[in-house]
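The two complexes that follow have subunit A in common; it is paired with subunit B in the first and with subunit C in the second.
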Partner chain A sequence: MSTLLRSLGPLVRALHGQGYRVVGPTVRDGAIVLAELDRADALPYGWGVEAAPGRYRLHRRADAAAFGHAAGPQSWKAFLHPPRSPQWTADRTADGFTVTEAPPDSTRYAFLGVRGCDLRAIAVQDRVLGGADGGYARRRRELFIVAVSCTEPADTCFCASTGCGPAAGPGYDLGLTELVDGDRVRYLVEVGTPAGLELLTQLPTEPAPVDLVEEAAAAVAAAATKMSRALPEGDLRDLLAGSHDAARWDDVAARCLSCGNCTMVCPTCFCTTVEDVTDVAGEHAERWLRWDSCFDLDFSYLHGGPVRTSTRSRYRQWLTHKLGTWHDQFGESGCVGCGRCIAWCPVGIDITEETRALVTEAEEA
Partner chain B sequence: MTPLRYRVRRRLTETADTVTLVLDPVDEPIVAPLPGQFTMMYAFGVGEVPISVSGHADGGIVHTVRAVGAVSRAVAGARTGDVLGIRGPFGTDWGVPPGGDLVVLAGGIGLAPLRPVIRQAVARRARFGTVAVLIGARTPADLLYPHEYATWRAAGLDVRVTVDRADMSWTGHVGVVTTVLGALPVDPAATTAFVCGPEVMMRFAARALVDRGVPPAAVRVSLERNMRCGVGLCGHCQLGPLLVCRDGPVVGWDRAAPLLAVKEL
Partner chain C sequence: MGTAPTLAVWKFASCDGCQLSLLDCEDELLAIAGRIRIAHFPEASRATVEGPYDVSLVEGSVTTPGDVARIHRIREQSRLLVAIGACATAGGIQALRNFADADQFRSVVYARPEYLSTLDTSTPASAHVPVDLELHGCPIDRRQLVDTLTALLAGRKPDLPGHSVCFECKARGTTCITVARGVPCLGPVTRAGCGALCPAYGRGCFGCFGPAAVTNTPALVDRLRELDMTETDIGRVFRTFNVLAFAGGGDDPSQ
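The block that comes next holds the complex of A and B.
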């Protein structure tokens, strides 16, 4: 049964009341970023996004939609799998050193506005990082997810072809579809978990009329048809396994700056490195975990030099891992179709276009 | 993921840049490593490096470390009584079979992770047919564990040693390690081979063994890639579909061959 919610204010207040730190989209520095929200007013009501390869611009919408925008530069991994986190500290003693584990981060997050692509991305990272009993698993266990189905994909979106959207789910506690009528916004709510149901009972809701339910379903279904991009169909894992010598890698390497933006904005890219630092006296040492990128020359460093010296080999590693060997390692694809890597690539390299070129090259061979 | 503390009980100088450390646990020990596995060794304030296990000694652990970078230099520079951190053991082991013929093929520091296999073969000599140990190094001064070769030979192992460049004292074989593969008295179908050394050497050695009729899956190589976490979480050690820290370092040649054939994979 669907429920109608006339405002998100009570939802945010109820989440705060349960001790969650509510994170959601908000406008900052000319982009829609994810940040801690102290109230629902901070949501980007009336803002839209125009995204294209290498381009991302905000614009004012004619209506008051809070979720009339597609993926921004960040993904939720910035909170579940932070860019930099302390691991442990060590202190020198008279006969060696002692090691102290970093205190567990017990932040309870509630994510508000998780799209289908990003919901799947969280599930993908769960497979990679969730097994170890570390900070990720703790934060994930405590996480409350309010998902939002997409009704307005960006030009860079292709989640319909990866099977991750535009409808969000499964995996949420509460799932919303935003119904916009000029300045009036309402939310159709679906319950995903008992925790979601419990929260919903605290909110001023009303039963949703059938026509609104149908309107919402139609809007989400229409979103799928609005996407101009798609990953090619067929077995991409096989394609990439057989494409090590493709000429297309030279073509993309001539454009790729090897900057690593795609890996930073990708909601599934999980690679990290460790930094060992000491104080000036050399008595206190710390280990930090931070995001790393396979585009970094040092990433594959062995004594003697890096394994992947060319941009060609590093782009190949990224794409082959994302669409191919991710299957071998984690049993699924590493791409969810959010399109961030397309928008935030400074030279507008398009993962769907590169993959299609590889398909064409393989077919012509 | 925090390191456990180990104290250096003994430090042996092996070559100009290589030492063997015998370490005892300060607190609880790590799980007993299997031959072929590695640990992450931590030098206080400097960093962590993957080092293969080269032996064990009364509750302690033995690592042979070559100083090639900032961290391995710090680890290799540890003196008796110093404390290092250890995480592990990680990765796959050599998987020594219960019987048959064995070929151990080592290049340079590659002998370190193979020493536990050799010692196992010595301790259980009767179980195996031919046990051939082929050791290569750049110069006689770079040979690892030379004082043990006599013991291995006395136990009935066919130990063959070669160097790339001889000096005045050297009366043995000269040439890369694959040149002493020659006419090994092994039954290829019943042979398990363990290969560790520079990647180019492993490629030639594995191909030579397969050409002799040893099944590719019975030729095991130990791969090396950049490692940060040791548990398949950091992504650094990827080699195609493999996370070398988890799916390796010991991998059958049937899986490794197509991966090592791709440049910069």
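The block that comes next holds the complex of A and C.
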């Protein structure tokens, strides 16, 4: 059964009332970023996005949609798997030192506006980071997810080909579809979990008329046909395994800056390094975890030097892991089709185009 | 613990800005001064202790025959030599002379050029002696300086990343100004360490930390052209603080 919600104000208030820190999209610095929202008014009502390889621009929409935009510069991993997080501290004592684990992060996040691609990306990171009882697992356990299905993909999106969108789910507590009619926005709500149902009962809702339910389903289905990009379907393990010596790696290496932006914006990339901090007095030490990237030369530093010294080998590592060996390691692909790595690459390198070129090269071989 | 390690700070051709960064570490400096003996630091004190020194910080580039002799002497007397700033690590702005006729500068700038004893080039310390660590930037980042000194005191590896400024942009949550606003930025080829300061204030990185450990400058230059940067401006931006380093290219050593 579907329910209709006429405004998101009560939803945000109810989440705050349950002690959640609500994170969602908002306009800042010329982009729709993810940030803590103190009220629903902060959502990007009436803003749209035009994204292309290496390019992202905001524009005013003709309507008041809050979710008429696709993935922005960050993903939700900035909150669940932050760029820098404390591991432990050590303090000198009279006869040695004591080690103290970082205090548990008790933040309870509610994510508002998780798209199909990102919902899947969270599930992908769960398999990687969710096992140990670390900070990620704790934040994840407390997380409340309000997903929003997509009705307007960006030019960089290709979730239909990865099977992650444009319809969001499963995995949400509440799932929304935004219905826009000029200045009027309404939300069709689906319940995913008992926690979602409990929250929904606190909101002023009404039963959704059948025609609206059909309209929403049609809009989401139409979104799938609006995507101009696609990854070759299915498991790309064999393609990547057979492409180790492909000439295409030289071609992309001539364009790639090794800057690491693609891995930082990717919602599934999870790699970290450790950073040690000591105080001047020599009494206190700290260990932090921080994001790293396979594009960092030091990332493959083994005894005596880095193993992946060329950009060819680093880009190949990224793509091979993402689309190929990720299956061996985690039983699925590491790409959900959000298109962030395409838009936020300063030189606009396109993962779908690179993959297609590898397919062509393999076919011609 | 034995006697406090000694620290010496040396100046070559430079503006003193990096030494001032050290003085600027007010809070930490008192604590640092309590754990090391400052043996030579003309900006801070006249007292000088004879070498050898445990750590020498070298600011400035080598521009005279006297400098060449002095950098060798400092090396001989120092257990660890740390070059600080764009001048000491890459020759600095004054390395522009390497691409010009130094005699002409001499005759235009000085009334009696014959009194001048100067080299035709401005070069980093590493062009003359082995250097143990390099702190990049114009000026250096005080957080990196304090981290390096505390690392040396603790016997741990200092945190001196070789990756691009983009890493730090993303870590601090700055929206990329190249992608979102079309602002030309050298971040993708520039070494991190500043905390991605300039992009956070809406200006493109101008490369004051010099090239990252790997760069693809030709590909970025193509992009800068697309962003309507003129050839003159492109030439200028790469020839400001780290002209030698960017000119030499930090490109892929091998496949």
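Just so we're on the same page, the second predicted complex is superposed on the first by the 363 of 365 C-alpha atoms of A that agree within 3 Å, B and C clash if a C-alpha of one lies under 4 Å from a C-alpha of the other, contacts with A are read in each partner's own complex, and residues count from 1 in each chain.
Assume a residue touches a chain if its C-beta (ideal position, glycine included) is under 8 Å from a C-beta of that chain, and two chains touch if they have at least 3 such contacts.
All values reported here derive from a predicted model rather than from experimental measurement.
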Subunit B versus subunit C as contact partner of A:Asp276, first or second or both or neither: both
Touching partner for A:Phe295 - first (subunit B), second (subunit C), both, neither: second
Touching partner for A:Asp183 - first (subunit B), second (subunit C), both, neither: neither
Contacts of A:Gly134 with subunit B and subunit C, given as first, second, both or neither: first
Which superposed partner A:Glu206 touches (first subunit B, second subunit C, both, neither): neither
Touching partner for A:Ala285 - first (subunit B), second (subunit C), both, neither: both
Partner chain(s) touched by A:Asp38 [first = subunit B, second = subunit C, both, neither]: neither
Partner chain in contact with A:Arg28 - subunit B first, subunit C second, else both or neither: second
Touched partner set for A:His303, first subunit B, second subunit C, both or neither: first
Common interface positions of subunit A, toward subunit B and toward subunit C: 276-278, 282, 285, 309-310, 312-313
Touching residues on subunit A, where the partner in the complex is subunit B: 87-88, 90, 92, 95-99, 101, 128-129, 132, 134, 244, 270-274, 276-278, 282, 285, 292, 294, 299-303, 307-310, 312-313, 317, 320-321, 324-325, 328-329
Subunit C-touching residues of subunit A, taken from the complex the two chains share: 28-31, 33, 54-58, 73-74, 78, 83-84, 253-261, 264-265, 275-282, 285, 290-291, 293, 295-298, 309-313, 343-344, 346-347
Partner subunit A, residues of subunit B touching it in the complex: 1-3, 5, 7, 26, 44-48, 68-69, 72, 81-83, 85, 224-226, 228-229, 231-236, 238, 240-241, 243, 262-265
Subunit A-facing residues of subunit C, complex: 28, 31-32, 34-35, 146-147, 149-151, 153-154, 156-157, 159, 161-164, 166-167, 170-176, 178-182, 185, 187-189, 202, 212-216, 219-220, 222-223, 252-255
